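Look for chain A in each of the two complexes below; its partner is chain B in the first and chain C in the second.
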Partner chain A sequence: MHVPDGFLAPTITLPAWCAAAPLWYWAVRRNFGTSSTESLPVVGSLTALAFVVQSIMIPIPGGTSAHLTGVAILAILYNPGVAFVCESLVLLLQALFFGAGGFTVLGVNALAMGLLGPGAAWLCYRALRRLSERGAAFLGAYAGMQVATLAVSLVLGLQHRLSPAYMPVPFSVTATAMMVPSLTVLGIVEGLYTVMTLSLLRKVKLVGPR
Partner chain B sequence: MGLVEPRRSQAILVAWAVLIFALSALTGLPALAAASAAALLLFRHGALRELRRVAVTVVPLSLGLSLASWTWLWLLGQPPPVAPFVALTVRAGLIAFTTFSVLRRVDLLRALAPFPAASRMLVLCLAQIHALRLLVTESALGLRSRLPRKPRTRDVVRSSGAVTVALLTLSARNARDIGDAMRSRGFR
Partner chain C sequence: MKRLLLSLAFLGFAAPAVAHEVLHEVQRGRAVAVHAWFPDGESLAYVQAEVFSPADEKIPYWKGRTDRNGWLAFVPDVPGKWHVRIVDSTGHGLDTTVDVAPPGAGDGASGGGIPGVAPLAFVLRPVVGVALIAAIFAFLYFRGRRRPS
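Our next item is the complex of A and B:
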């Protein structure tokens, strides 16, 4: 669901950068200090896994593409701050080396896919984990995917409202094209991926019990 | 241009960031055509290679998105004007071309040298991605060699559990080794 470079004007991308920059600073300071030595290998592995998962993209009408994010697991295992930094790193690497997403839209993509989505996943997981850990992880990842997708489609819709000459696709088309695959397929696959990865991590004891 | 000093690399990166934000504001086809010509002239050395890269990585997605959106709108009613969709694709391609051309001229790791934590994270992730890709390729080859026919989706899904366990274990070990090695060399 990346927004590619050139799909959003600086009227949106610059404020998004201004909003994301202090959050990056805060999240890095809080989660990646000297005390993160033990967790860094797992975070690095999951970041790389998220990178691979996000590399498989299907273009859809409305200005973006459909793919899994694979970062809800980071929010569930650690916190949304870790997911935000890792997803931003994935987005930066994709933008710089693989031409996916982009540098100008990094703030928008990071806030939507790295903060709002994983934030929703984390809240959902925290609220439901007493009932069933796997169920909570699945629902959290599903909800996170929907929130991130909705956020991206809202931004693209806003761009169309601000300047149709810049972004010629209206919100109704963008939202339909993005939300239908997200609600029916991608959210479920993201949920299953998260549950599977969580179980595997517990099995190989890469992450200690909560 | 070969490898350059960290400060010069940093200055080029800042100029590139300003430039692509400026390019992302262009909407008219004449302005985009002029900017494309200027970019081609400015980055003429290795331009063919970067154009090929843009054609492989960026154009299919942008063009696919534009075509799908245009067809969708056309099916819903009147055919929409083509110019904004062309501009969208050109703008995306132009920004990508500029980015690839600039990045080929700077050493990113050298530019990040004054920030050891950022360097460590970057190296860790790049190494992980490389290791992960190798493992996925090897797993796919292994699966293919074990089956008398081409692996189907069901075969891939069945084997994915075992592959993911190996992948996470190896990946974490790899990350730990690289992290320790970098820390011992002064990266915090």
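Our next item is the complex of A and C:
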């Protein structure tokens, strides 16, 4: 799902950086101060787990691969700001050390996969958790995956419209290629991953009140 | 005389047909081949790709798709930095440059990985990533413990 360097023009990457930078500052100040020290081991473990699940490619028919994000659980357990910072850290490490994604597109990837997706997951979870916590977590993670995927495909589609030299594939093809696996496979697997992680953390009482 | 005229007429029709003949030659070792694959070893098969010459960064020198094994090949006509873009419809892909040496200077393999070690990278990558994240959060944790809120 990561957009690599060179696929988006500065007309998109610069505004994305400008939007993401103050949000990073605000989210770090709000969620990673000294008062949140006790939650850091769990947040760090879930961030590391997100890194691992993003490294596991799920083969998609047609010669491509996709992966989970694994950060909806952070939004559900804490808030979308925590998920945003942690996903941004994962994306930064992937870009700096492993050549996945990229530094210029970090703002776009972080906003789509770290903020919009987890934000949708958090909203969905908050709306439905009184009915069933597990069901709400599953649907939240499923919705978050769809929102993140749609956001990335919309950005790629916009880039194609602005300058096909950067992104030669039109939106209709990109959206279909990204949304079909997301709706049929990835969203379900992300939902299951989120429910399993949530259940495990609740069982060992590592996370705060419901 | 009539036969001669008919023969000339046939030759006249045949001449343009000869002009449409396509000739070919085979030269080995001239092409530059680029292989693209995911960290788990899966190739980017049948993916849209473009190659830009250092002489013209706007109009693609070569355009097509990778083959079943994720390879593309082009025959450079000038030395320099050639720009290769492989764009998957899901937004994954590669945007890199390939150094093409002048003829006779020799040109070795380069790139961001070796297919043979893909399984090793597939395992090492998450391990290194987890170690880095653990180090960052451990630092934050112990720093927070030392500074009471």
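Following the convention adopted for this analysis, the second predicted complex is superposed on the first by the 201 of 210 C-alpha atoms of A that agree within 3 Å, B and C clash if a C-alpha of one lies under 4 Å from a C-alpha of the other, contacts with A are read in each partner's own complex, and residues count from 1 in each chain.
Keep this in mind: a contact is a pair of C-beta atoms (placed from the backbone, for glycine too) under 8 Å apart; a residue touches a chain by one contact, two chains touch by 3 or more.
Just so it is clear, the model here is predicted, and its values are computed rather than measured.
Q: Based on the superposition on chain A, does the combination of chain B and chain C result in a clash or a fit?
A: clash
Q: Taking the superposition on A as described, I'd like to know which of chain B and chain C A:L183 touches: first, second, both or neither.
A: Neither partner.
Q: Quick check for you: in the superposed arrangement, does A:T197 touch first (chain B), second (chain C), both or neither?
A: first
Q: Between chain B (first) and chain C (second), which does A:L93 come into contact with in this model arrangement: first, second, both, or neither?
A: Both partners.
Q: Going by the contact rule set out at the top, does A:A19 touch chain B (first), chain C (second), both, or neither?
A: Once the two structures are laid over each other on A, A:A19 reaches no partner at all.
Q: Once chain A of both complexes is superposed, is A:F103 in touch with chain B (first), chain C (second), both, or neither?
A: Only chain B is touched by A:F103; chain C is not.
Q: Regarding the shared-chain residue A:P10, is it in contact with chain B (first), chain C (second), both, or neither?
A: first
Q: So in the superposed three-chain picture, is A:P168 touching just chain B, just chain C, both, or none of them (first/second/both/neither)?
A: both
Q: Between chain B (first) and chain C (second), which does A:L156 come into contact with in this model arrangement: first, second, both, or neither?
A: So A:L156 only meets chain C here.
Q: Which partner does A:T47 reach: the first (chain B), the second (chain C), both, or neither?
A: both
Q: Of the listed stretches 7-15, 97-105, 115-123 or 151-159, mark the one in chain B with C-alpha atoms clashing against chain C.
A: 115-123
Q: Do chain B and chain C touch any of the same residues on chain A, and if so, which?
A: Overlap of chain B and chain C footprints on chain A: residues 4-7, 32, 34, 37, 40-41, 44, 47-48, 51-52, 57, 59-60, 63-65, 89-90, 93, 97-100, 165, 167-169, 173, 177.
Q: Could you please specify the touching residues of chain C with respect to chain A in the complex?
A: So the residues of chain C touching chain A come out as 38-40, 42-48, 50, 58, 85, 87-95, 112, 122, 125-126, 128-130, 132-134, 136-138, 140-141, 144-145, 147-149.
Q: Please output the residues of chain B touching chain A within their complex, sorted ascending.
A: My answer: residues 17, 20-21, 23-25, 27, 53-54, 57-58, 60-62, 64-65, 68-69, 71-73, 76, 80-81, 84-85, 87-88, 91-96, 99-100, 103, 108, 117, 121-122, 124-126, 128-129, 131-133, 136, 161, 164-165, 167-169, 171-176, 179, 183, 188.
Q: In their complex, what parts of chain A are in touch with chain B?
A: Going through chain A, the ones touching chain B are 4-10, 13-14, 28, 32, 34, 37, 40-42, 44-45, 47-49, 51-52, 57, 59-65, 89-90, 93, 95-100, 102-104, 163-169, 173, 177, 196-197, 200-201, 203-204, 206.
Q: In their complex, what parts of chain A are in touch with chain C?
A: Per the touch definition, chain A meets chain C at residues 1-7, 32-37, 40-41, 43-44, 47-48, 51-52, 55-57, 59-60, 63-66, 89-90, 93-94, 97-100, 152-153, 156, 165, 167-169, 173-174, 176-178, 181.
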